[in-house]
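Order as written gives the chain letters A, B, C and D; numbering starts at 1 within each chain.
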């Protein structure tokens, strides 16, 4: 297994799938000569040429909408939005054209479209920093992916490109530099299968991307005090693997969600409601959500740090819960 | 008390507030000479003239965005989107400009904007039939109103127009013709106060707009069998009155949400998670959600009827729950 | 223009006109939902435009009538089935008459939010440029729809990539109850072509020959890799925006009939002797028969199963 | 143009140039976040344009530098405080340098999503037309931003309502790493004015006198109720898109300096005797002093309290 960064893993997935299938094209602002503002697409323009990898105007609506149209007629576009927040700037195209074009035409089309959406991070301000997963998870017709490791980033993107349904692929800006082992051999990662990142009995914590990384850190500290938390990484939010979470909760009797989305109707809300429907008998502690307290992400880092769940906040929340 | 239709109540609220404050303007497609495609704004163009009530181009982005800009500089625009779904067509303007303009400028502006969004109903197809409340409730900065009676339609709209914050006002298409008593004297209805529409002890049902109407019908049948359900109408989703729901659940020990939004991460998800956080000890029955099964609204009525919670479905769900 | 072709255009227009009349009749009688936006008065131009394209060129349309599908020989029964939510519907109850689709006949559907076709059609253009070179994607849209931001992003995109796309604007002077003059800063939508370096052409949409010719030029341009053309056809909406619209907002509603191209085309063909009273009544009879058969077929067709509501969202 | 005004423009431009240089220096040193998009080379035109407006006219700007605020005498310390997240910040840590706001000085802020200013500024136009007649709203935006759909919807809206708006496009030939030719189907953004029936004017953005004159005409037009003007200033981005951008994508980066209007303006004023070596060094000293004071003020200012993150969303 080679050790790669999260962004290099994405780059490899793109290169491999573009090599495998000439119908895969890639476009977005600055993705060509410059390799993307986050340098994720470096080298692809040179390798696959301007017909398959090209820069686009600042026109998010047509970027996504053209991707849908092209997908219905046999291409497999990968569209890079410069920031995940822009799925709302292209709201009609993401939620209605990508999400519903097949449905409203009675299944006459397939829509193999991937929208790459760099999410989270901070310092970019209210319109460039969000984790808008919940908007996508609520909307019918859109698959939703949240890779947390280089291995998953590669495997889930390769799978996304091969699927015949539209996928919003959230890549977390703060994970781009993360290093991790990636299989040398060809693989894809199936959608809808959560993974237990750490075993424990004290409480089940559901977290992904940067919040997973922070939760794992907090878990180390807690472990030194004899508190072993179980951590579930959903990997995809649609399809969503409830069973792994329910099984874990049957063991731990408690659940906490740590997420970088706005708290109200964040992904944690669905997990809470789902558990109340299917696991009420096993729950002996109140449900807990750590999330953004329903304000946009500010620009100044120390204000951001005040509202994004920190390792310490996760640590404290677990202590409260178990005591 | 006069008996008015829901749409006439909205019309009166607009007329009264425009009379009270000359900064209130109203625009949208077909709202002027024609009085709106749902005839809600009839007579206002004649009464207040073309500078204050005018038709707009088919330009949802600028319709909402200009409303925000105008609001920051002292007007109090009421923008009619022809269909509630279009809040996503104007996604950037609704979620970022209306929701965040004040925040990202450190409170330098007030944004007294009302977006009127005709929701629900059916036969209009996937892009003209949704109840997209959950998108708004998840987003920071947007107040969210879901009036269920002519009285509330008028009182909540008058309040919305007077508030200095942006409000998405969902008016349900199937309620336009609903008749109800409306006070003759001046009044406004405060945000954030749910109302118990029917008292009971069997289960707490949270429902609003057309789903409330159906739930009340189902409650009649259930009552004949000695099952008394308690029905809570939240009236506004942001601010959201948790206490009334929690108090009711403390009495009934069970909760069900009936809504016209997509099930996953619909408003019911937040209610379920909230109860699990704050009312777990009182809950002796699993939580239940009746909602749209995560597909868009089709056009054909009998397909719509298959997926929108019916009086009968509500009746059955309660029977399952209490037995 | 060749009269054989002209009389084909006439026949298809007549079929469409009578077919929509029947749909309206059935809607009034409560047998169908009143979701049709009648194309009466615009169908001659629509059909003339489509007849200038190859049968395998692709079409995205607006909501203004069913001529687009009729011109491409989508079965009348399937269109009725879409409205009735019955077996045989092209979109299986999901989209009704708004989203009639027939890929083999090049009918790629419609966006319910106006102007969605701008972005979808350039995507289709990107795909055919790479996978089916020589084909064209044409998007028919209204004057009001040209005020969507997607118009701008799409035309810039198509012009930049020299996509094989045609933008066919049907300027009927109205968007529901709003006259173009109160919604659009320029009288000619075609003036907007200048912002993208593409040809902008105005044509009398009531003149099938003129329409045919500008479409041919645009098609030739698109096929030879020179990119899109913006065509603006000046037309007249003969009826209300939707079934039952009394047009109380429209002072000149009565004057519309005088501009109806269908009787004019009929007269032209009669004068030229291409048609005569006998052939004409033969055509009328044939049209009625086609419509009657379609109506019968659909009356006898079963409703779609309610569970179909849950299908077609994801491809398995 | 009157040399007193020209030397004011020079002074403000120099102050802006030196101030941004200091900001970059502090960012490189890790004392500030590197969020600035330097306006070097574009500030002369920006300031000349603003000097043609009244002090109480409103301005919405893009992200290209801080000249807009400096021209309106927003305190340098408050701009630094916005970057540093300290007390005295105009947007209280919420928007950093991207959303500097100062309503009393007519600075109405920025949309983080490019082109949001198109829709906000026409709304401002609607409000001042009714509440503060005689005032103008000007929106400064880049060539790349003109490809947003909001450009189209906004210009049609403003033209239709004859709003007192000015659209000032700074065409610097680039959108980050993408040359205008690969993102925009027309070389002149101003060509797009034709689609809205408004004047489209190209001006040399390096020539303050020329800029001043076209802005005056546009302002006169807006104030007299004739509606918006689309001005396109051809300018040159002197530095990278953001702090630290090596511009590896830009072959002609080295040629940019030759087009820098600031030294030209300085030479012109020296040749004309409006400035001399003494007055010039006096100006430089004065500029340095203003900047030093601002930097000192901010260094001594306390960080905003973390809880401020939770404020300013709703007005009470």
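Criterion: contacts are C-beta pairs under 8 Å (C-beta built on N, C-alpha and C of every residue); 3 or more make two chains touch, one makes a residue touch a chain.
Predicted model, so just to flag it, every value in this text is computed and none were measured.
Taking the definition of touch as given, a chain qualifies here only if it contacts chain B and chain C alike; those chains are A, D.
Farthest from chain C in terms of Cα centroid separation is D.
Distance between chain B and chain D, defined via averaged C-alpha coordinates, is recorded as 41 Å. Averaged Cα coordinates give chain A a centre that lies 36 Å from the centre of chain D. Distance between chain centres (mean CA atoms), chain A to chain B: 30 Å.
Multi-chain contact residues, meaning those touching two or more other chains, occur in chain B at positions 56-57, 59, 61-62, 85, 89, 92, 96, 103-104, 125-127, 140-141, 295-296. Shown for chain D are the residues in touch with two or more other chains, namely 89, 91, 93-95, 99, 111-113, 147-150, 153, 156, 160, 182-184, 313. Interchain contacts join each chain to each other chain, per the touch definition above. The residues of chain C lying in touch with chain B in their complex are 33, 35, 84-85, 89, 91, 93-96, 98-99, 111-115, 144-145, 147-149, 175-178, 182-184, 248-249, 303-304, 306-310, 313.
Here chain A touches chain D in the complex through residues 29-30, 32-34, 37, 54-62, 85-86, 89, 123, 125-128, 293, 295-296, 298-307, going by the rule given at the top. Those residues of chain D whose C-beta lies close enough to touch chain C in the complex are 147-153, 155-156, 159-160, 182-186, 191-192, 194-198. Listed in rising order, the residues of chain A touching chain C in the complex are 23, 25, 51, 56-57, 59, 61-62, 64-75, 77, 92-93, 96-97, 101-111, 140-141, 164-165. Looking at the complex, you find that chain C touches chain A at residues 58, 89-95, 99, 101, 103, 108-109, 111-113, 116, 118-128, 130-132, 149-150, 153-154, 156-157, 160, 311-315.
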